[in-house]
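Labels run A, B, C and D following the written order; every chain starts at residue 1.
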Amino acid sequence: MNSAVTTPRGTGTRNTRILGVLTIILMVLLTFCGLIFSGEDINQGSTVRIMYVHVPSIWVAYLAFGMTALCSAIYLSGRNRSLIWDRFSGAAGEIGVLFVAVSLVTGSLWGRLTWGTYWVWDARLTSTAFLFITYIGYLAVRRLGGTHRQRARRSAVLALIAILEIPLVHFSVNVWRTLHQKASVADPNAKVALDGLMLFSLFLGLIAFTMLFAWLVIHRQRSLALEDAVADRGLDAAIEARREEATN
Amino acid sequence: METVIELNGVVAVLGSFPALAGVNLTVQRGEILLLQGPNGAGKTSLLRVCAGLMPIERGTGTILGIDLATNRQDIRTRVGLLGHTNGLYLDLSVEQNIQFWASTVGASKDEVANAMRTMRVDGRLAKVKAGQLSAGQRRRTALASLIVRRAEIWLLDEPHAGLDAAGRDELDALLRNAVAAGATVVLASHESERAASLATRTVTVDGGGAQ
Amino acid sequence: MDHASFIIGSWVLTFASVIGYAVYVIRRGRELSKNATSEEMPWT
Amino acid sequence: MSTVSQRRRVAVAVARKDLTIEWNSRILVNQVAPFAAIVMVLFAFALDNDGILQRVAPGLVWLATLFSMLVVIQRTFAVESADGALDALRVAGVDPSAIFAGKSLALMVQLFALELLLVGTAVVLYGVNMTLVGFAEALVTLLAATVGLACVGTLYGGLAGGARGRETLLPLLLLPVVAPVLIGATRATEAAFGSGGTKVSEGWPWIVLLLVFAVIFAAVGSVAFGPLVDE
């Protein structure tokens, strides 16, 4: 205990620090490549530069929600039901919500430039919005209270339902758009002719953001573990206090 | 003697409050165990844990030989709990309520009629909505629904509350009959004199523990 | 660069949200780890 | 664990109990149905144009259904928690999937009645004309949509109604999930009503979507209801 006080405390370790520094370097590189070095697209002009943050954000969001579902499944299927999987789900869910929000906003800014409007009822946009709301619900359920295990089981089940529901929502929204009325604006997948440096920037963005996600999820998982530990310590103290009631 | 309830260092929490802070308790078949203690001592939580309703956070326990940590669902089919609330549907009549609880275990019409007669909620009362009953009548209805459930362990939280003198005598007789038929009774009560004369053993619950 | 405000805005918004969240996570971790025992921090 | 016949018996008992409660209290008839009707009138005020109303009538019917459904679901779980009956059900060892089936079944019956009323209101208030085939299609749509809605509604209603202070969670959880039903049912109903010149035959694929949704959530619900509701 004593020796621990002298060492710097927190959720970081040597490895996460290395990961963090690498992430920062790649992010700086990405900024230069994306904003300065890379050229303009033939169709989209300079607006294509939004892509280098927008696409990696939504990629991270999908990655995060996938991880939430995967860790929830591991939690439920594990024999000892280790809470670490629950915390990984929670951390990934939270980060996913952050990145889906970021990509919705950057996407609508991009949309304003290329389509002339912030929002179109395009299938992909609409189902992304649903994704956002669904996982806000997931985070709300995580905060419902109860013991750690109650929280873990409830939210793990919900995460698995969500992953089932997403394709259904996506499919129906998709059919809704394509059958009902043709999108009046440009295809959101408008062919962007990417030259070498642009492609490089996009890949750089994907790698940098994935590393960022890894860094965030590790730290968040650890700080969630500490939150649980604080609650457990509170419980120990409360049990002591409760026992003392009896002797009086 | 057969042990039907065995709890070792059981901790159960309500939110972040440890309602039970390490309970050790052993109950044998055929006992009528009285739980005594001040308000907030943990009597209700103890009964809910025994019913498999409240999860245990720490410690171990078995009810009727079934592990509390893993198989709470199996325990529930074999115990009966009468809590603070009566578990009645206020918009259903007395008879409809008892009939419903009977149908969840597949009890026959005769059993329903018998239970209603035993708790004197037959006749005119049978057609009255539970929401319009007096507190004592509701308690009787809840007890009648408990009878049809044919529980092996009866867990009763303040069963005498709201009952008149005749009702209390009937309840005591009912519990003695149930025990004679092989059941075990655990009850929490403030009616210490009456309950003590009924009980075969008394345990004091305080500060989330039991002595 | 055309539409510089939108483009820079997107980048700034992205990085600001991420940095804001990262700072929150790190701070919370530091604060909580002050009283934590080593067993509660298996990564150390 | 419990056998299939036991489960079926309990499910029927739970469904009958919920419907008896409705029969005794008439909350649906006396409160929810008038609420749904007034919503339909308010839509007319807000849109204030006969042509538009006729065109969007199917969507309004289903929006009104969703809003009323929230009220009905809250009611069906308030009934359980008013006197601790849900605890009693749990302690009775009743299989959660049987409770789920029973409560969904009762909710289906109530929702179906409500939807019939809303379609009737649309026909009267918004001047919708239906052919006989269209009417049959509308009925099939109602049935298919109702099964899905009742299953998801019961699932999330149980989660949100399990404890105090969670009522506000229900719309947040439920409305995103039922988007496919709203889309499918609205399109199918448009075909049935012939709104905007849609042909009756265009509705059937949407009904397939509704059925897929219903099957998925009936299955998910019977597995997930226990862990979600049980503490």
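Everything below uses one rule, namely that a residue touches a chain if its C-beta (ideal position, glycine included) is under 8 Å from a C-beta of that chain, and two chains touch if they have at least 3 such contacts.
What you see is a predicted model, and the numbers here were worked out from it, not measured in a lab.
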{"item": "Most central chain, judged by mean C-alpha position against the global CA mean", "value": "D"}
{"item": "From chain D, the most remote chain by mean C-alpha position", "value": "C"}
{"item": "Chain pair bearing the highest count of C-beta contacts", "value": "A-C"}
{"item": "Centre distance in Å when chain B and chain D are each reduced to the mean of their C-alpha atoms", "value": "36"}
{"item": "For chain B paired with chain C, centre-to-centre distance based on mean C-alpha positions, whole Å", "value": "52"}
{"item": "Chain centre separation (chain A, chain B; CA means) in Å", "value": "47"}
{"item": "Centre-of-Cα separation between chain D and chain A, whole angstrom", "value": "32"}
{"item": "Multi-chain contact residues (two or more partners), chain A", "value": "146, 150"}
{"item": "Of all residues in chain D, the ones touching two or more other chains", "value": "231"}
{"item": "In chain C, residues with contacts to at least two other chains", "value": "none"}
{"item": "Those chain pairs that satisfy the touch definition", "value": "A-B, A-C, A-D, B-D"}
{"item": "Parts of chain C lying in touch with chain A, wherever the complex brings them together", "value": "1-4, 6-11, 13-15, 17-18, 21-22, 25-26, 28-30, 32-38, 40-41, 43-44"}
{"item": "Chain D-touching residues of chain A, taken from the complex the two chains share", "value": "130, 133-134, 136-137, 140-141, 144, 146, 150, 153-154, 157-158, 160-161, 164-165, 168-169, 171-173, 175-176, 179-180"}
{"item": "Chain D partner contacts - residues on chain B that touch it in the complex", "value": "51-55, 73-81, 83-93, 96, 100-101, 103-106, 129-130, 145, 149"}
{"item": "Of chain D, residues touching chain A in the complex", "value": "155, 159, 163, 166, 169, 172-173, 175-177, 179-180, 183-184, 187, 209, 212-213, 216, 220, 224, 227-228, 231"}
{"item": "Footprint of chain C on chain A - complex, ascending", "value": "1, 4, 7, 9-13, 27, 31, 34-35, 45-47, 49-50, 53-54, 57, 95, 98, 101-102, 105-106, 109-110, 112-113, 212, 215-216, 219-220, 222-223, 225-227, 229-230, 233"}
